[in-house]
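I've put the structures underneath this note.
Both complexes below contain chain A, partnered by chain B and then by chain C.
Right, the complex of A and B next:
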């Protein structure tokens, strides 16, 4: 365990940024967002960023391949390059857990997604224990410990001091590079802080959300539940929940013509949109009920069925804050899960 | 990076023949640039074809793997990409990636079975791969019945192969039908599901169905009436897809992805899946 004075944080970022690009949560007009470290940029004290951290590994828009077309001839241009090493500072436990969910899709289920893998391998993640969990937080439901996230390095901000613990070789290297700023210390203050954070988490209103009923039931019973009809009605299909969600990973593949040829890219897409499944033969999800059900069934039932029971939700609470009609996964889980949550 | 294999980056193929099968179906022959096939496949598997700047779409591979020279795709004109494909000429390069999906269990469950193929319209495209695979390995399969129907005689895909080759194959019975009476047609007239019931097959056959959803629905009901069990009936499905490998998130039915867990499903497996999407 190492310690540094919070006043020196800027020096720490500067030292880290000398070797690789550093991103950190910074206050902006629409809440905290990850921004590149430069002189004068300071760490946000917000509970978490408005958008999730998935962009670092699964960007909103990403080039896949280029083509040149000349008459009947086509040339395929594979423009993939190793990305440069980068550091993300201030990732909370929920967002770290979302990386493991994205890993299941893009790394652990063959074939490996080379674009995702490339970013994942070059990113160093510095997590930050949650100092101020909010009423919308429910990571504990998914077994996530807001007080002690892993990642390459874990940080705790305690008053005037910041504590660092390297968890991986990558983390050790980063800490070593900033060595002169850090001093070896005893873990006791951090242990006390963890206890305090866990006590705060235990007082949060949604911490007892029960998913057992949903998990025990047959998939079709959940699918055919009468609750969908009542729940979906207010959904306006804006897709905001999918965009702020750290685990939503659906994408579209599209193209545009440039002066040089054609760029094929992928971009985030949303199962909440009416054209998501539209094809020449018709659209198999014609109503918002079907689209709404798909999103929550995927997170609470389908994903766990294919991933050792792991839910595709980390309880970050972003959808609770951003949905314009105040619908969210907690309301759905409560309704679908039945009396256990009343 | 470029040495790392990436399924989303396609290969190139060249269209070496275009055959007009029906007013809205053409069959495209695709070769690798240096001849031969771009990749091997199992009957029932699919591939993404694209023209950069127009779009990419998934098609079942119509040819059989026993064809060692080229791949064929029978494609109905019905959207942006297919419109473009129908307008191209021989010698055109296209991009191709695959194969995707599980394919039919031709070398396991189908072996030494009597097979009943039931197809409607362009639904013959994926079954043709299986049928010609069976023809290429004739001693490994029992008797073959094929029930194939379309709107009119002109809409039967690759009628020539059916009439000149399939009907002459040993232990092959081909039953064609069209929806309405037509001049020059002295064969059966009527919809596929009813025709299947009229023909009344032995219930020890393994059935393979593909066609419009409504045809599949009524044909399956008819087969059950005849005494077939759902685990004897296979079908192949299609939903919108972007990746082909279970990541883009749009072709699922329940917890199954049509792209990688399908497109071929046994009908008893479908019972375990939601009836809607």
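Right, the complex of A and C next:
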């Protein structure tokens, strides 16, 4: 365990940025968002960023391949470039857990998504334990510990000091490079802080969200439940929940004509959209009810059924804050589980 | 107010005048209210709410709801009633299937403005005279309502309903509004400054389509941006041009029909002041064709779909300083 004065945080960022690009949450017009560290940029104290950290590994738009057409000759140009090393500072426990969920989809199950892998391998993740959880936070429901996230390095901000713990080789390397700023210390203050954070999390209003009636065992019961009809009706079918969600992983592959041929790219897609997974035979979910149900069934039933019981939700609360009509996974889970809103 | 609304809704359900009620449903906290359709008195007793956080405009739901079996009761605030009247004018709502109760409104609060004041962890909010008493994880706070009202409410244009069958509460008047001040400020900028301003705002767009989907004026059954056969289907902006294009096309398409209800800005998860684009069009229409408020008068012809000899000529662009 190492320690540094919080006042020296900018020196730390500068030292880290000398070797690779550093991103950190910064206050902006749309709330906190990850920005590149430059002189004058300061760390946001917000509980979390408006958009999730998934963009670093799974950007909204990504070029895949170019087809250069010359008469009858078609040249296929692989658009992949080796990503440079980068550091993300200030990732919260929920977002870190979302990386593990994305890994299950893109890394741990063949075929490996080489675009995702490329970014994932070059990223160093510095997590930050939560100091001020919000009413919309419910990570504990998914067994996530806001007080002690992993990642390559874990940080705790305690008053005027920041504590660092390297968890991986990558993390050790990064800490070693900033060695002169850090001093070795005892873990006791961090242990106390963890206890305090956990006590705070225990007081959050939706930490006890019950999911026991929502599972593969209840698949048909959940799917055919009468609550969907009441819940979906106010959904406006926008993609806000899916785009701010750290675990939503669906994309669409599209092409467009350029002067020289064709460019193929992928971009985030949303199961809330009417043309989601549209096939030659048409659409497989024709109504907003079906589309709405799909999103929540995927997160709470299908995904865990295929992934050792791991839910595809990390309780970050972004959808609670951003949904235009304040419909969200907590309200859905309560309705499916037979609970009323408080 | 809320109790009177609940009582009247239950009465109309009980005597069979309507079989559904469109209103607002209580959430987890005080601020996260969801538009909802109520079918029974029990549901109304349990979940119906009308307070300072019922900002969501219910008008657009009537496009689909008025096509369902039976008659539906809807509660409309003054500004929502303009959206409703405009949709009626466009023949998008089946009027005879809707019973409208106009309700008074003195402004709606914006939870983001409360959070911007550093009040976080909000668990519950209570009214106390002209203030809100906010209970949060981190203590209690009191803020004057005016400080956290939505921008659109601070520049409210009308407390008068454009359409209703009956009223609960007092009917108000069209009121003077300073809603074009920010537009005038943008107009006073140089083109480069203005471009910079809008790039700063629109570059944050994540194309979630919330602004479009919530907009009562955006009622196309299949938007060109969603239609793979349109040739310009666009799920994500590839560059800054496409980022701008979506919003500019949307603003053009609702020009003359946008009532300035402000839902676009309310729902934007990226906090983009989209209403300013629409207000620019409204201000220009006022200047070119005379004062016109979309949704206000169902019998009035809309300036952009009507011709008069007094209409401005295209050369107005140059008279206003455009490059020849």
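One rule holds in what follows: the second predicted complex is superposed on the first by the 331 of 342 C-alpha atoms of A that agree within 3 Å, B and C clash if a C-alpha of one lies under 4 Å from a C-alpha of the other, contacts with A are read in each partner's own complex, and residues count from 1 in each chain.
Everything that follows uses one rule, which is that a contact is a pair of C-beta atoms (placed from the backbone, for glycine too) under 8 Å apart; a residue touches a chain by one contact, two chains touch by 3 or more.
Because the structure is a prediction, the values reported are computed rather than measured.
Chemist: Overlay done on chain A, so just call it for chain B and chain C: clash or fit.
Modeler: Overlaying the two structures gives chain B and chain C room side by side.
Chemist: Answer with first, second, both or neither: which of chain B and chain C does A:278 touch in the superposed model?
Modeler: both
Chemist: Applying the touch criterion given at the start, work out whether A:230 contacts chain B, chain C, both or neither, answering first, second, both or neither.
Modeler: second
Chemist: Now for A:338: first (chain B), second (chain C), both, or neither, which partner does it touch?
Modeler: neither
Chemist: Quick check on the superposed pair: does A:252 touch chain B, chain C, both, or neither? Answer first, second, both or neither.
Modeler: both
Chemist: Of the partners chain B and chain C, which touch A:131 in the superposed model: first, second, both, neither?
Modeler: In the superposed model, A:131 contacts neither chain B nor chain C.
Chemist: Does the superposition put A:294 against chain B (first), chain C (second), both, or neither?
Modeler: So A:294 only meets chain B here.
Chemist: Looking at A:189, would you say it contacts chain B, chain C, both, or neither? Reply first, second, both or neither.
Modeler: It touches nothing on chain B or chain C.
Chemist: So if I put the vertex at the Cα centre of chain A, how wide is the angle out to the Cα centres of chain B and chain C? Nearest 10 degrees is fine.
Modeler: 90
Chemist: Please work out whether A:31 is in contact with chain B alone, chain C alone, both, or neither, and reply first, second, both or neither.
Modeler: second
Chemist: With both complexes placed on chain A, how many Å separate the closest C-alpha atoms of chain B and chain C?
Modeler: Closest C-alpha pair between chain B and chain C: 8 Å.
Chemist: On chain A, what residues does chain B touch that chain C touches as well?
Modeler: In the superposed arrangement, which is not itself an observed complex, chain A uses residues 252, 269, 278 for both chain B and chain C.
Chemist: State the interface residues of chain A toward chain B in the complex, per the touch definition above.
Modeler: That would be residues 64-65, 67, 69, 72-74, 76, 78, 80-82, 105-106, 109-111, 113-115, 118, 219-220, 223-224, 249-253, 255, 257, 261-262, 264, 266, 269, 271, 276-281, 284-285, 290, 294, 297-298, 301-302, 305-306 of chain A.
Chemist: Which residues of chain B touch chain A once you look at their complex with the stated criterion?
Modeler: Residues 1-2, 4-12, 51-53, 55-56, 78-79, 82, 89, 91-95, 238-240, 242-243, 245-252, 254-255, 272, 274, 276-277 of chain B touch chain A in their complex.
Chemist: Enumerate the contact residues on chain A facing chain C in the complex.
Modeler: By the definition above, chain A touches chain C via 29-31, 47, 50-51, 60-61, 132-135, 200, 203-206, 230, 233-234, 236-240, 242-244, 252, 254, 256, 265, 267-270, 273-275, 278, 320, 322, 324-328, 330-331, 340-342.
Chemist: For a test of understanding, state which residues of chain C touch chain A in their complex under the given definition.
Modeler: The touching residues are 26-29, 31-37, 46-47, 56, 60-61, 120-123, 136-138, 200-201, 204, 206-210, 212-214, 222, 226-228, 233, 235-238, 266-267, 269-272.
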